[in-house]
Amino acid sequence: MKQEVSIMEDGSRIQGHMAPTVVSRLKIKNECIRVVLAETLCTFIMMVFGLGTVAQVVTGNGVFGGYFSINVGFGLSVAMGVHVGGKVSGAHMNAAVSFTMCVFGRLRWKMFPLYVFAQFLGSFLAAGTIFLLYYDAIHHYCGGNFTVSGPKATAGIFATYPAPYISIYTGFFDQVLGTAMLLLCLMALADQRNQPVLPGGEPVGVGLLVLLIGVSLGSNSGYAINPTRDLGPRVFTLMAGWGMEVFRAGNGWWWVPLVAPFIGGVTGALIYEAFVELHHPDLKSTKTQSAEDPECVPLEKCKNSSTEMSV
Amino acid sequence: MKQEVSIMEDGSRIQGHMAPTVVSRLKIKNECIRVVLAETLCTFIMMVFGLGTVAQVVTGNGVFGGYFSINVGFGLSVAMGVHVGGKVSGAHMNAAVSFTMCVFGRLRWKMFPLYVFAQFLGSFLAAGTIFLLYYDAIHHYCGGNFTVSGPKATAGIFATYPAPYISIYTGFFDQVLGTAMLLLCLMALADQRNQPVLPGGEPVGVGLLVLLIGVSLGSNSGYAINPTRDLGPRVFTLMAGWGMEVFRAGNGWWWVPLVAPFIGGVTGALIYEAFVELHHPDLKSTKTQSAEDPECVPLEKCKNSSTEMSV
Amino acid sequence: MKQEVSIMEDGSRIQGHMAPTVVSRLKIKNECIRVVLAETLCTFIMMVFGLGTVAQVVTGNGVFGGYFSINVGFGLSVAMGVHVGGKVSGAHMNAAVSFTMCVFGRLRWKMFPLYVFAQFLGSFLAAGTIFLLYYDAIHHYCGGNFTVSGPKATAGIFATYPAPYISIYTGFFDQVLGTAMLLLCLMALADQRNQPVLPGGEPVGVGLLVLLIGVSLGSNSGYAINPTRDLGPRVFTLMAGWGMEVFRAGNGWWWVPLVAPFIGGVTGALIYEAFVELHHPDLKSTKTQSAEDPECVPLEKCKNSSTEMSV
Amino acid sequence: MKQEVSIMEDGSRIQGHMAPTVVSRLKIKNECIRVVLAETLCTFIMMVFGLGTVAQVVTGNGVFGGYFSINVGFGLSVAMGVHVGGKVSGAHMNAAVSFTMCVFGRLRWKMFPLYVFAQFLGSFLAAGTIFLLYYDAIHHYCGGNFTVSGPKATAGIFATYPAPYISIYTGFFDQVLGTAMLLLCLMALADQRNQPVLPGGEPVGVGLLVLLIGVSLGSNSGYAINPTRDLGPRVFTLMAGWGMEVFRAGNGWWWVPLVAPFIGGVTGALIYEAFVELHHPDLKSTKTQSAEDPECVPLEKCKNSSTEMSV
């Protein structure tokens, strides 16, 4: 017990292994740097897992999973990212999320560029890591010829490209809608006066949401719904051998997942505010009104009753 | 702390960004309107995700998931709908659920038409949204020829149609049984004196139930088990180019998912009442009897013991 | 509030809709009947969902899911069964589970025949329900010729049959091992002094376990690991047109899932007792020893620390 | 109640069935033996389930699941292992995890050889069990000719082998990266000052992590990321008829999953420490700073607010 307490005083559990002074020196107290470090790391983790899933499916020729395993992989990637960045940076991992949080006053605007920088950096580094890890597999798959389209295209491992039959208008709407659904549901998952996700279950809740978006809104253009997730790896592929075609493909598709998610994110959050959150009864009146509420809510009614039972 | 408190007094977290008076004016205090707004939005969310999954699978020709991803997609769609409508409207998203709740006195009858209106509206709007989003894909898939049956049929993206080998009697039984299983299990998930779903886990619990129904009771007729989910998109397809065939197909199938779920829902709930809920011991006697209960219940016994341990 | 309380006194929430005297008369207070009703219903629910999944996959010819969706379907079926039977009967739904509970003194022996009766009845009725529901589909699939083996065999929808290359010895070992893994893990999931499943998460925990058994130990003989689950539907198929072949097939396979699970269940539970549960430190000493424990347990250490932090 | 208490005094629930003196004699109080027993059992459980999944897929020729079901199977296998070994041994089931725990002072070095011994023993015994269980199926699949490579290779059921196009450098990096991701995320899942997994949800959290690694980082060399998981079954196959080829294949691949995971595990944990854990604010200052924190964390903000609401 005593030892535990002494460890706790330092706020660190590795004390016994390095001199406390070393730890103290390494410890960063600047909030901004801490946030940037955490946001970079969690975006990196999400993107290594996420791009790895795509790389495996693309180079595996159907042997190592298919579209559904990409959906599961990206969903769980986001969940793990939320675990890693969690309460330090909030694990946005998505500039559209950060932007919406700023618009709704849940993040200070001065933090926005830091988040975007961290997210871009994490995505870029993850693209490089996956390139190294799957270099042999990609080479074996496409014979060393890195192409953006065609039967052996591999650029889609890293950034998103639209289906050939999609117009730019549909593609733009696709990215607006996808991000709107993301932010609308994120607001609901976090709305403590509604039916939020189980406390502690946020990472899995967000992961299931991303899995759902992939399963339902992914075929048009690969559900980037995230400017930094898309641009970082795209720039990496530009440098790594796929060339300027990564910006030209799909009638210059690259700017769509860069712009549309900002519009979609704010729209989705606004819709949730306008339809639900804005109209929650005041706290004062909540208790007196709670006798009425249950009549509309089957599951809730029972829960309320049980609360009373336990009292 | 101070700032938080002041925010809380208003019951709104966006106070700092709009003038409080504006927020106060926009705020709707009428319970019925709040419920209709929430029920419309959550049905819309569920249906955009749900129909999106089907659209993606149908137009994807096997590349963007298959039947199992439709099951997962619809299950998670319902889970997200429950998060969105949650404690405001109860997120029935299904007229058969609302009807059963009314029959069992958990929803006032005067609310029933409001719920049906909201559910129909949300489903209809979602069908329109998915039509827009996947218009290019549908067009590319079927060459612009919108058909209800045949190899390139696309009406099944929106409403349900029976398998060709199903008689109308089997189809009716299919819808009664599916909805009965839904409501029976919903009652169990919410029964606080039995083994309810984890508090806060209701959305995922309901989602897993819908996934299960899809995986086990879906092949006969596409598991509508929901009158409003089926009629709204069917009316939309009537208007959007599929024509009167959407009401003629399957020997006039359309009325089956409209009628059978009401019968099934009440039946399922009644069966749960008759077999389990009605016979729960009175609260007074619960505590004295609890010493006996565990002998039949392996998992429970241990839990009870541990409770005693912690006391 | 007042109304809620009055409802609670009766222990029933439907009071307002039927005369209380009627409810009181229908209410069954005999513990044995209550248990039989709940065990029958939950086994029925599990089996309707479970057999439905197999029926859908078999008759769907690959269009309505495959082996993995059977695994998911049966796992979730068990989870829903646990929700339905839950704290009333314990939702064994498996005579081997009931038998093992009796051997380990967690169920009275006099209850054993009642459980077996309820489980058999529920399984038999579920087989009949699925036969009705999928009669058209089965007929369409096999052309009305109900066979136990061959390319269009349909008996496997209801009961289990071994793979043709499995010897009876391997098959017996298969059923012993599968049930041993089931009971061993059930003991662990419920062991409150180890790492039990989340309180309230028992149904999903057990469901994931059954999914896992299907994914890893199912290909030899269809993972019955449950005497009543197998015999009830087998008897039904005997009567419904598949004939005596259901008992002759697989060199008279039918007795293996009837006998082996009892041996496996007790063995598995014994192994868990012998390796883990028997050696838990006494309660008195637990607290003093807890300072040591964490050193071996990474996740636990942190949890303990945090507990201290919150204190 | 009285009976419960008396049972509890003994720390055992089987008291009524054996003479207490027998139980007392069988009870092992030596911490090291208890840990070895639990670690052996949980590794055995994990590996029986895990190898069973691979055996079923390989011998099933596509009928009994595919790569994705292996991912799901191994993920759930690890989850069940954590339930079984749980708070007794910590359920490392992986020498690289034990090693990293030692390096970070969360496990005493003197325990390390005991963990490795238990993990090797459990993996070896599981390989033997799966060999027995699937002997008929393997024989039927490959015609009795046990090979390490080629179209009917079966050695991959037990140990991992690299894809033919992978260089030894890529393979080494693959194992370092995979294990680094594992340990980095394990640290995050357990970091109580960040966004840890739900209390009680550790087994499922770790299982989802392993599922994710399989889905995203598995195609290069089968994601051993675990020295003992790989060596035990490899030695078994050497003895069971596959011969020395199991050590020669893949340019002598066997040492890579034996060495690389130790490097990866420590690296991953160090990265998490360096980017996140080291910089958590001191406990003293946490409370005063908590007014700031929420501004960066959307989900958290709401949770904090609600806490205040409930106060």
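Here are a few things to note about the model shown:
First chain written, first letter: the chains are A, B, C and D, and each begins at residue 1.
What we mean here is this: a residue touches a chain if its C-beta (ideal position, glycine included) is under 8 Å from a C-beta of that chain, and two chains touch if they have at least 3 such contacts.
These numbers were taken from a predicted model, which means no experiment stands behind them.
Think of chain B turning onto chain C: fitted on CA atoms, that turn is 90 degrees, to the nearest 5. Two copies of one chain, chain A and chain D, form a contact in which under half of the residue numbers belong to both partners. We define each chain's centre as the mean of its Cα atoms; on that basis chain A and chain B are separated by 26 Å. Distance between chain centres (mean CA atoms), chain A to chain C: 37 Å.
Each of the following residues of chain C touches two or more other chains: 8, 13, 66, 68, 106, 189, 191, 193, 196, 198-199, 201, 283, 302, 305, 309. Considering their complex, residues 8-14, 16-17, 23, 26-29, 31, 33-35, 37-38, 40-41, 45, 48-53, 56, 59-60, 63-66, 68-69, 72-73, 76-77, 79-80, 82-92, 97, 101, 106-108, 111, 129, 132-137, 139-140, 186, 189-193, 196, 198-204, 283 of chain C touch chain B.
Residues 66-68, 71, 104-106, 163, 165-167, 170, 173-174, 177, 181, 184-185, 188-189, 191, 193-199, 201, 205, 208-209, 211-213, 215-220, 271-283, 292-303, 305-306, 309 of chain A are the ones that touch chain B when the two sit in their complex.
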